[in-house]
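Across the two complexes that follow, chain A remains constant while its partner is chain B and subsequently chain C.
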Partner chain A sequence: MALFSVEDLRVAFRRRGRATTAVRGVSFAVEPGRTLALVGESGSGKSVSLLAATGLLPGHAEVGGRALFRGTDLTRLTRAELRRVRGRHIGFVFQDPLSNLHPLKTVGAQIAEAVTAHERVGRAALRRRVLDLLGEVGIKDPERRIGDYPNHFSGGMRQRVMIAMAIALNPELIIADEPTTALDVTVQASILALLRRLQESHGTALIFVSHDLAVVSEIADDVVVMRDGEVVETAPAAELYAAPRHPYTRELLAAARHGRALVRPPSAPSAPSAPSGPDAGGVPLLRASGLHMSYRGPGRGEPFRALTDVSFDLREGEIVGLVGESGSGKSTIGRIVAGLARPTAGSVSLRGEAYNGPGGVRLPKSLRPEIQVVFQDPYGSLNPRRTVAATLAEPFAVNTGLPAAEIRTRVEALAARVELPPTVLHRLPSQLSGGQRQRVAIARAIALRPSVVVADEPVSALDITTQTQILALIRRLRDELGTSFLFISHDLGAVAALCERVIVLNHGRVVEQGPVHRVFDEPRDAYTRTLLDSIPGRVAHV
Partner chain B sequence: MSDLLTEKTYGGEEAVRRFPAVRAVLAERSVRAGLVLVGLVVLAALLAPVAAALTGHGPDQQFRAEALSENGLPIGPSATFPLGADGNGRDVLVRTLYGARISLLVGVPATTLALVAGTAVGLVAGFFPGRTDRLLSLGTDVALSFPFVVTALSLVALNRGGDGEPVVDPVLLVILVIALFSWTYFARLTRGLVVVLRNRPFVEAAVSIGVSRRRLIVREILPNVLPVVAVYWAVQLPVNILAEATLSFLGVGVQAPTASWGNMIAEAQRTSLYQVQPWFLLGPGIAMFVTVLGFNAIGSGIRSVLDPQG
Partner chain C sequence: MRRHIAAHAARALATLLAVLVITFAMTRIAYRNPAAVLAPRNATQETLDGITRALRLDEPWYLQLWHYLFRGPDIQGAPMGLFNWPPGLGYSFRQQRPVTELILSKIPVTLSLALGALAIWMTLSILFGVASAARPGSWLDRVLSALSYAGLSVPTFLTGILLSYFLYFTLSSYGLKWFPASGYVGLTEDPLEWARHLALPWLTIAVAEIGIFQRVVRANMLDVLGADYIRTARAKGVSERRVLFGHALSAALNPVITLGGLELAALMGGAIVTEQIFGLDGVGRLAVEAALGGDFPVVIGTTILAAAIFVVSTFAVDVVTRLRDPAAR
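Showing the complex of A and B:
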């Protein structure tokens, strides 16, 4: 018999008299000791289903159907009865370990609380247990770390603390909602390994929620694919990856494969279609030489070195990937190239003309239109109070003396170029999807026909099928306009799919750079190898 | 600037379509109740001359023969004097309605003036970190540390020319004094918002397409600050209406014989005539209560929609 089974679950949210259906008739089941993955894009209802099944949704949600845990229907229990089940029998791990840990309590106290919420334990025994748990989730030197606060821990270590809390009472089931999404790829690999190990040693069942089929392939026995609040396909993992039945599953898998096709070199040396201009004569379009960046934190002590001697070239019509984990300095480089930050030493030059060194103007007005930026967060990078048309008109209004009618024509042409329907021009950013917003941001960046676009994690906030479309758009724009892109990403798959060359950063230093297929197929640096080995989905040939 | 204006000049229906928040605000029960109350007050202010014409009683006109008893005490409510009379035989209802005019006439410009000045200071302080910000923030703190009543009393004392006549119109002075004491809240609020907005990617994106600082403040930052500041206007207005009443009560605001709720209440209290004619005190008192309640309901309703955590 299944340990936990959800049958015909329906969830609707009622607000101001109007009901929105979030989940329509979802069923799945997990056996003891097995791992079930719920996969879907944002808004597919995967998290809501689990929250509803475990009674964690707020009062205005209407829940129908059954959620049987060892034969008891959780949707029928009172709040007090549910509290006894949660924590003791079902443990939870959520995506953002920082906001789910109390900032003013030590990690030891928080793990202890997970125990004392359900059991009475003596002080010494409790401490013993917390130390054991910390050790079990791989926190080194637990004796010393037990009294630390969450802000002393890295993202990965915080997630380990969350896992320690989830397994504190040895529950039969752990529900992990996107537990590795906020983490770097090498950390993600270690957390997945930890979850697998714990599961084997304790025989715990695991429900793993993710938007990423590649990550899921690392851990799942069975996979449930969800879309728009419905289950589109349920299958054992091996079967699903080998022979997906539903078209949507195939689409998701294709997107995952497209992103992770490491062996595939980017479509033949798709020669920079824009021939280097006659005056380019050997000088690269953009050259960063000897960039250093250090910050002086509060108090004395050594300044933090964000960048150390970073040099690279960007040639005309080339897409260069800048990869590294968080804190590697890749965004800092992007900001320096775009003239939004000033390096402590070194300089950047465009067609041999140096700009943005220490002292002097960051980016002279004449070069402004030449270098543009696309930011990661498509929600933050558009002014929420201005329509798409107004946002796209801004570059022309500021930099050209064109009459209003001409600007309107240009804006329409620009929207067409990035495949935005004309109807969205009069909408506000809040009325657009994430992919549409990012198209607007890209359109704004290419409006003035810049020679360089710095794209800082342009797809990492998007769903995977949208990611594929945006990557295709960037490539097409390069082919049509000859624009060079500095593509900053932590996602090696996206870099492999898009870039000709790649620069690998670690702790503010360039550890390796070269053509993508060379670096990814025969990495020379140890760190690059670690990075590549951590990519999920290699085993299952996703 | 013309395109800035066209962006702003949309009709009410357009506003509802473009800003779903407007619809949500109007759906809030407390906002509706507040709008009804404030509507009543505005109506009262507008219709004050009509009431004066119907009753035949001017706001400052004294009817000693009809409205005062033989021993000089004011009469209570009657058919001709619905809320009775005051110590000088004037119609309390008509004076209360005219008082609404003074309250709005002082409160609205004073709050608006404070909004304009405070928002300007906050924009500059928030946008230029370092010395400019420190100086302006220091100025704000200094302005906040003045005691309201004492400063107001001294300013009014200074407002006497050689002949004992006020140099500046007392109503104008009251407006200025109140604005002087409420711009700081707008400045602090705006500065905090701008500091956050300044580092948002859409501002940096505007920088990288070459937008000037002036245009950055006016077109990128200001539109995101204004709705919040506008809400705060509705919150600050009742406070300022009470401030006018306080100053008039203390005799340094709107001067007799002009009717103001503050000086009416002061007169009722000073002469103890409210003991014989309670409506002398209740009329302006209730009017003030309704006004403040109305604006507070609107303000808190808007806040609960725009800031569900608050």
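Showing the complex of A and C:
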């Protein structure tokens, strides 16, 4: 018999009398000790199904169907009965380990509470257990860390703390909702390894929610693919990856493979169309030379060195990838190039004209239209009270002084260029999809035909199929307009798919740079190799 | 942290000094012949000359200020400037007593009133706010919210009059003399009588404050209850009461502490209306009577006291909220 099975689950949210259905007719089951993956893009209902089944949705949700855990229907339990199941029999690991830990309580207290919520334990014994749990999830020096607050831990360490809470009472089932999505790729690999190890040693069943089929291939026995609140395909992992039946599964797999295929590209450069030939030997379009950046922290200690002697070139019409994990300094470089931050030493030059050096102007007025930025979170970088048309009209209004009618035609042409339907122009950012918002941000950036666009993690917040479309858009814009892109990303797959050259950063230093196929095929630096080895899905050949 | 506290303390002292200089200058500029205003009624020319000499009123105002700070009026021999020890705030010629003595005699009343009211309104606001936020939109939430709006919109003098009408007048017409309508009994003399005499004033202040604080607690609780770490607590199987009071409340409390400090400081500077209605002889009454009568050594003294309380309370609030925040510690 299945340990946990969901049968014909329906979830609707009622607001002001109107109900919107989020999940309909979803069924799946997980056997003891096995791993089931729920895969789908955001809004597909995978998290909602699990939260609904375990009674963790807010009050205005209406849940129908059955959620059987060891024969008991969880949807029929009272709040108090359900509380005794959660934590003791079902452990949870959520996505963002910072927002999921209480900021004002020590990690020790939070882990201890997972025990004391269900058992009476003496103080000394409790402390012993918390220390053991911290050790088991791989926190070094638990004696010293037990009294620390979550803000003293890195993302990966916080996720280990979350896992310690989940396994505290050795539950039969762990539900892990995108547990590695917010983490760097090397950290992701170590967390996946930890989950696998714990699962083997405790015989725990695992439900693993993810949008990434590549990650899922590392861990799942069975896969459920969801879209728009429905299950489209259920299959054993091996079968699903070998022979996907549903077209949507094939689409997801193709998107996941897209980056991977190019990790080992043919030896020819992936973009022969790049008009980099004539300039290759002369002055590069953009040159960063000897960039240093250090911050003085609140204490008296050594200043933190964010960048150390970073130099690179960006040629006309070239897309260069800047990769590294969080804290590697890649965003700082982007900010310096865009004139948003001033380096401690070194400078940047555009067509030989130096700017942003010590003492100079950050970004002289004449260069401002030449260098534009696209940020990661398009929702945060667009004014929520302005329509798309108003946002796109602004660069023209500020910089050109064209008549209103002319601006309107230009805005329409711009929207068409980034493949935004004209109907979107009169909407607000909140009425757009994530992909549309990022198209607006890109359109705003290219409005004045800049020669350089700094794109800081432009696809990280997007679903995988949308990512593919935006990457294609960036490449097409480069081909049509000859714009150079500095593409900042932690996603090696996206960099491999898009860029001609890549710069690998570690702790603020350039460890390796060169053509993408050379760096990814024959990495010379040990850190680059670690990064490449941490890419999920390599083992299973997604 | 230590550096932060030092910087804050320096700013606080500068603020106090500015308040002092401004109030001092204003009282000196307001009158052509301050001695005549300061003196008791029917004072002889001799008395007026004495006051002029004692306060150096024939010198420029900044020398008068210097004198006020480092020497105090030349009466009774001992210096009583603000920077002497014990610090003095001048001398009320009307009441023939040093200002510090006057203020100190009123402080127990004001302190009892403010702290007692604080205890009542904080407890009730937190209970009502948490209850509202636990089930937003429920009938309980609606009733509590309506009550808090009512408390917020009714002016204090009306609340005070209504409370004394129903809880004093009506009750005593049935022979139930639970709550006296006026007067004050010291805490050390008779704690029960102290509480009985202050019950109505406490309630009067609490009604208005609950109107604000119930809303603040509710709004912050709703914010926090939507946070991911609350879901994590529920996922661990933590009981709903512990989720509300152990997890959510502790995270929602900072704005409540900040606002509470400000309101408490305002009350300690003198709860003027409440003191008037219930015949409490507190700092507020002292300040009002001094201002109306032109007894400006007392005006300066009470103003500096109120400013000092504000400065100390914002300082305390800052320290407390910082101590609660592991990132700032």
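FYI, the second predicted complex is superposed on the first by the 524 of 542 C-alpha atoms of A that agree within 3 Å, B and C clash if a C-alpha of one lies under 4 Å from a C-alpha of the other, contacts with A are read in each partner's own complex, and residues count from 1 in each chain.
Basically, contacts are C-beta pairs under 8 Å (C-beta built on N, C-alpha and C of every residue); 3 or more make two chains touch, one makes a residue touch a chain.
Treat the numbers as computed from the prediction; the structure is a model and nothing was measured.
K.L.:
Contacts for A:E394 in the overlay, against chain B (first) and chain C (second): which applies, first, second, both or neither?
P.N.:
first
K.L.:
One more residue to check, A:P343. First (chain B), second (chain C), both or neither?
P.N.:
Touch status of A:P343: no partner.
K.L.:
Tell me the contact category for A:E113 with respect to chain B and chain C: first, second, both or neither.
P.N.:
second
K.L.:
Touch check for A:G321: first (chain B), second (chain C), both, or neither?
P.N.:
After superposition on chain A, A:G321 lies in contact with neither partner.
K.L.:
Counting only touches as set out at the top, which of chain B and chain C does A:G357 meet: first, second, both, neither?
P.N.:
neither
K.L.:
In the superposed arrangement, does A:N100 touch chain B (first), chain C (second), both or neither?
P.N.:
second
K.L.:
Determine, under the contact definition given at the top, whether A:P536 touches first (chain B), second (chain C), both, or neither.
P.N.:
neither
K.L.:
For chain A, which residues belong to both interfaces, chain B and chain C?
P.N.:
Of chain A, no residue contacts chain B in one complex and chain C in the other.
K.L.:
Could you pull out which chain A residues touch chain C in their complex?
P.N.:
Residues in contact with chain C: 54, 56, 59, 79, 83-88, 91-92, 94, 96, 99-105, 113-114, 117-118, 149, 151-152, 162, 165.
K.L.:
Touching residues of chain A toward chain B in the complex: what are they?
P.N.:
For chain A paired with chain B, touching residues are 16, 338-340, 365, 368-369, 371-373, 375-377, 380-386, 390, 394-395, 398-399, 404, 428, 441, 444, 447-448.
K.L.:
What residues on chain B touch chain A, complex-wise?
P.N.:
3, 7, 18, 27, 200-202, 204-212, 215, 219-220, 223-224
K.L.:
For chain C, which residues count as touching chain A in their complex?
P.N.:
Chain C reaches chain A through residues 135, 227-229, 231-240, 242, 247, 250-251, 324-327.
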